[in-house]
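Paired with chain B in one complex and with chain C in the other, chain A is shared by the two complexes that follow.
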Partner chain A sequence: MLMRFEMLKLSRSGRPVVAAVSLALFLVLMLVGFYTYAQNETGGQVDFRYTFENRSYFNGLTFAIYAFYFGVAMLLPVFAAIEGGSQIAAETAAGTIHTLLARPLSRPKIFLTKLAVAVIFLALAVGFFLLIALLIGLLAVGWGDLNLYPGVLQMTSRPQHLTQSEALVAFAMAWPAATITLLAPLTLSFLVSTWVRNPVNAVGVSVSVYLVLYVIAEVHFFRDLRPFLFTSYGSYWRGLFRSDVYWPGVLQDACKLLAFSMFFLALAYRRFSRREET
Partner chain B sequence: MNHAILEVDGAVRRFGKRIALAGVSLNLDSRKILALVGPNGSGKTTLLKILAGFLKPTSGCVRVFGMDPFAFRARVMVDARFAFAPPAWYPQLTARETLTFLVGIGNGAVDRTDRARISHVLDSVGLLERADDRVRVFSFGMRQRLALAQAILPTPKLLVLDEPTDGLDPLAILELRAVLRRLRDEHGVAILLSSHLMTEVEHLVDTMAVLHEGSLIFNGPPTELLRDGQCLRLALDGTTDVVARTIALMREEGVVVAHQENGYVTMPVGSITLAHAGKLADRCGAVLKEFHEQRPTLEAALLDRLRTARERPPSSSGSTTPSRTDEC
Partner chain C sequence: MSRTTHVDEYALFALSVVFATIGFGWFDSSTDSYTPGPRDASTLRVVSWNVGGKGDAAGQPLSGAWIPHVAETLRQLDPDLVFLQEIQGRVQLYSLRKHLGEDWKGSVAPGGDRRVAVLFRHGTLRRWHLTMGSDRSAMVVEFQAEGFPPLAAIGLHANAFSAKRRNREVGRALEHLQSHTGPTAKLLAGDFNLDLDLGKRRDLFSNDDYLDVETYNFVTGKFFDVGVGTGSTAEPDRRLDYIFTNAELAAENAGPWKGQRIDAMDHDPVIADLRFIGR
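Moving on to the complex of A and B:
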């Protein structure tokens, strides 16, 4: 019953619509970026509209993987933080936490239900983003084999070639993998939301912490800190886009991310179960 | 073992250096209505939140149905309903959805009987026609009515209402009074309400507890507070000397004169009979023009109490520095 209650609240909150529109808009902007990139760089001298390279390299799947890369690294963590932060802090700010706690509901039940709703929302947002990215890629450019080359984005350390069907399987696996990546910012935000009494603060703090840790994980100077930062493992899903997936590495990174998430959740639960409602 | 529905024994609550509750003790049994009264910041809401298990007392013992409400909040809430002010609702849900889910959360499911009861309760608080409107369009008064509806659905053993008349029109206040009386008399519900409306308290409650700066300065039936505020008022006519002589004579006779000004004398009820006062006035050459018992309104009696409490030195108003103990 509580789960249905939370799902109804979420569906009526407008957050799913805002998230869907924002994610779709982001993908459209990405497409425009790809479209104008070649024009700008070559002064409009290329036949192919989207990048320097020819159609044998770039297709709808390449667009989808790059869009997904940016989405998982930059946009979806914000939505993960919004969802995590708005679960408990929003109830506290609105005073509705009193309404819930004034019913025979245990704190663990409230906590777990809210977490489940946030995780479901996150998984759906990631799936939606991936699906729309693939769909836009298909409609605007068309699919084909997926070729990846080493570059500044470090998508791969050596050239990869996946057939279209292999690539689609990799995309299907990337969905839960990226969801695991984004669980960390979500649970971090959940933790912050048990401390602060305003959802805006919870989201702001979580996003700030995520961005700082993301930058630290990317800067060579802080390389010794990388094993201790969840942002260091956030791109592990890229390992699925190899012709020979190195599963031990992928699973190890997924487990590390889950361990970070569990750690944040344990702290959040400890705080929520003991806190007073002033 | 029989417990009072609600037992508070020496409850202290501190927020940093500030003492919000300074050793409050009170009980509430079934079939009783207790009003918690006091100025803003006197500790009413803090006490209600402690009873709801939202806050822990710094020291002292609080039991609801014989249980520590902070440790066993979910179990306490099986038979207790709380409605805090201001009422907080989910604006995106309708009144009916809100009640359906709140009932379902307690029961695990909502059956046809529950749905019929929800409609009945919505009707009884005057919200049936707006039952399928989202709460976001509700006025404050309508939200307050919804708070009352959820508080009596299903009928609890303990009902705690924080400022239940806020935002209600006079007719709704009358209806609320009738509902609360019915709950007490027909269902044996113990009701605790905090209120600023003294007319409400006077007509409805069995006991009132007055809080001032965290201390309980009165705990008893409203009639007792009124009785304490009653006094005998005499008016003496005559020259200043004559009046002064009459008052002096009364004092010699053992009468406690509380106040005197311009020939008007006040004293505790029963201090002197009309015949005796007349005789003493006559003996001194004064004329007894008025002799009547002055009955204050409950509000005046309460204000008088609060004024007295304010004038008392801090040590006697309970603002000591309590330490944490386990008194339960």
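Moving on to the complex of A and C:
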């Protein structure tokens, strides 16, 4: 009953529509970016002759994986933070938390139901984004084998070749893998949401913290800090796009992310179960 | 607060600890290591080593004081074919050969005081040079070790200061090697001055990444990087030295032998034990 109620609230909040439109718009802009890049990069450059970059290996799957990379790193964490940050702080700000607690519902049940709704929303958002990226890639460029080379996006450290079917299996596995990545910002925002009484502030703080941690994890200068930041492991799903997937490494990074998520969740749960509503 | 709440809370913390133990405490999943061991008689051992050092801003070539160490390291490795970079000239190579032993033969490419050289034993070698720029040349060889098929190889030392020049030099060497008729087994080795480490390329202080990535991809589109995943070859924690082979050769074991640089030397030797496909 509570679950259905929370789902209804989520659908009426408009957040799923905003997320879907934003993600679709992002993909359209990505497509435009790819086309203009290809136009610019294939003209001239006579001095720099020895380049592997050409049109022979770019296809809809390449587009999808690059779009997914940016989406998981930069865009979906924002929606994860919005969802997590809104859940409890919004009820607190509106005063409806009192109504919920006045009913014969335990705090754990309220907390876990809200968490479940947020996780379901997140998983659907990741799946939707991946599906649309693949469809746009198929319609605009067409699929084919997936060839990846070392590059500035660090998709791989060595050249990889996956047949189309192998690549699609990898994309299917990337869905839950990326959802695990995004659990960390989601649970972090849940934690913030139990402390901050305004949802706008909760989302703002969560997004800011995520961006700071992301930038620090990306810059070599701060490499000694990386092991302690969940953002350092967020792109582990790229390991699924290898000709020979190194499973211990992939599972290890997934466990690290789950450890961070469970820790944030435990702190959030502790805070929510002990705080006094005013 | 209920007892159940405590239990749930502890369960979440416990889950966090379990995942952290698995994630952080598992065995080291990196392959960032290599130790040369005894090799199979069916493999050919190739070594590439920049024997220069840090010196001033532009570095320095092989110092006479390091020659005994270089010779001892090469003796331990017992390679069939060696490409060296940063040799000062013929006299210095002669000195190194004297330390190595009478059965070692070699040659130095033309250039300034920081040249590419080749050393070998137990086989026949034909060599010539490929001009790389105004001050340096690459060494092109056709080598046949006793009991092995012949192979064509190029040893080079790419420009350290310009990604564009590196790109031209590496590209030229690879095209030359590919168009070379004769032995079908081919190998490209040397100090390429390309650092493509995934973790480090997110660096605030580099603007060469894009060009070096293109150069590396150009080579690996045709040849195999046999030491990939085995870690840095030069200080500070950079992977600059490579051995690339075509599909006629397969690496049984390859990578840098770390800890072999002494004094101001700044590179470790890179080794590849290669098997001829179909042999």
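Everything that follows uses one rule, which is that the second predicted complex is superposed on the first by the 262 of 278 C-alpha atoms of A that agree within 3 Å, B and C clash if a C-alpha of one lies under 4 Å from a C-alpha of the other, contacts with A are read in each partner's own complex, and residues count from 1 in each chain.
Throughout what follows, a contact is a pair of C-beta atoms (placed from the backbone, for glycine too) under 8 Å apart; a residue touches a chain by one contact, two chains touch by 3 or more.
A quick note: this is a predicted structure, and the numbers were derived from the prediction, not measured.
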When the two structures are superposed on chain A, do chain B and chain C clash or fit side by side?
fit
Name the contact category of A:Met262: first (chain B only), second (chain C only), both, or neither.
second
Report for A:Ser106: first if it touches chain B alone, second if chain C alone, otherwise both or neither.
both
Superposed model, angle subtended at chain A by chain C and chain B (C-alpha, nearest 10 degrees)
150
Is A:Gly95 touching anything from chain B or chain C once the two structures are fitted on A? First, second, both or neither.
first
With both complexes superposed on chain A, which partner does A:Phe5 reach: first (chain B), second (chain C), both or neither?
first
Now for A:Ser13: first (chain B), second (chain C), both, or neither, which partner does it touch?
first
Quick one: chain B or chain C, who's touching more of chain A?
C
Three-chain overlay, closest Cα atoms of chain B and chain C, distance in Å:
5
Chain A contact set shared between chain B and chain C covers 106-107
So in the complex, the part of chain B that touches chain A is made up of which residues?
15, 49, 52-56, 73-75, 77-78, 81-84, 86, 88-90, 92-93, 97, 101-102, 104-110, 150
Given the complex, residues on chain A that touch chain B span 1-2, 4-5, 8-9, 12-14, 94-96, 98-107, 276-278
Which residues, counting only chain C, touch chain A once they are in their complex?
1-2, 4-5, 8-9, 12-13, 15-20, 22-24, 26-27, 29, 164, 167-168, 170-171, 174, 196, 198-204, 209-211, 213-218, 220-221, 225, 228-229
In the complex of these two chains, what residues of chain A are touching chain C?
47-53, 106-108, 149-152, 154, 157-159, 218-221, 223, 227, 246, 248-249, 251-260, 262-263, 265-266, 269-270, 273-274
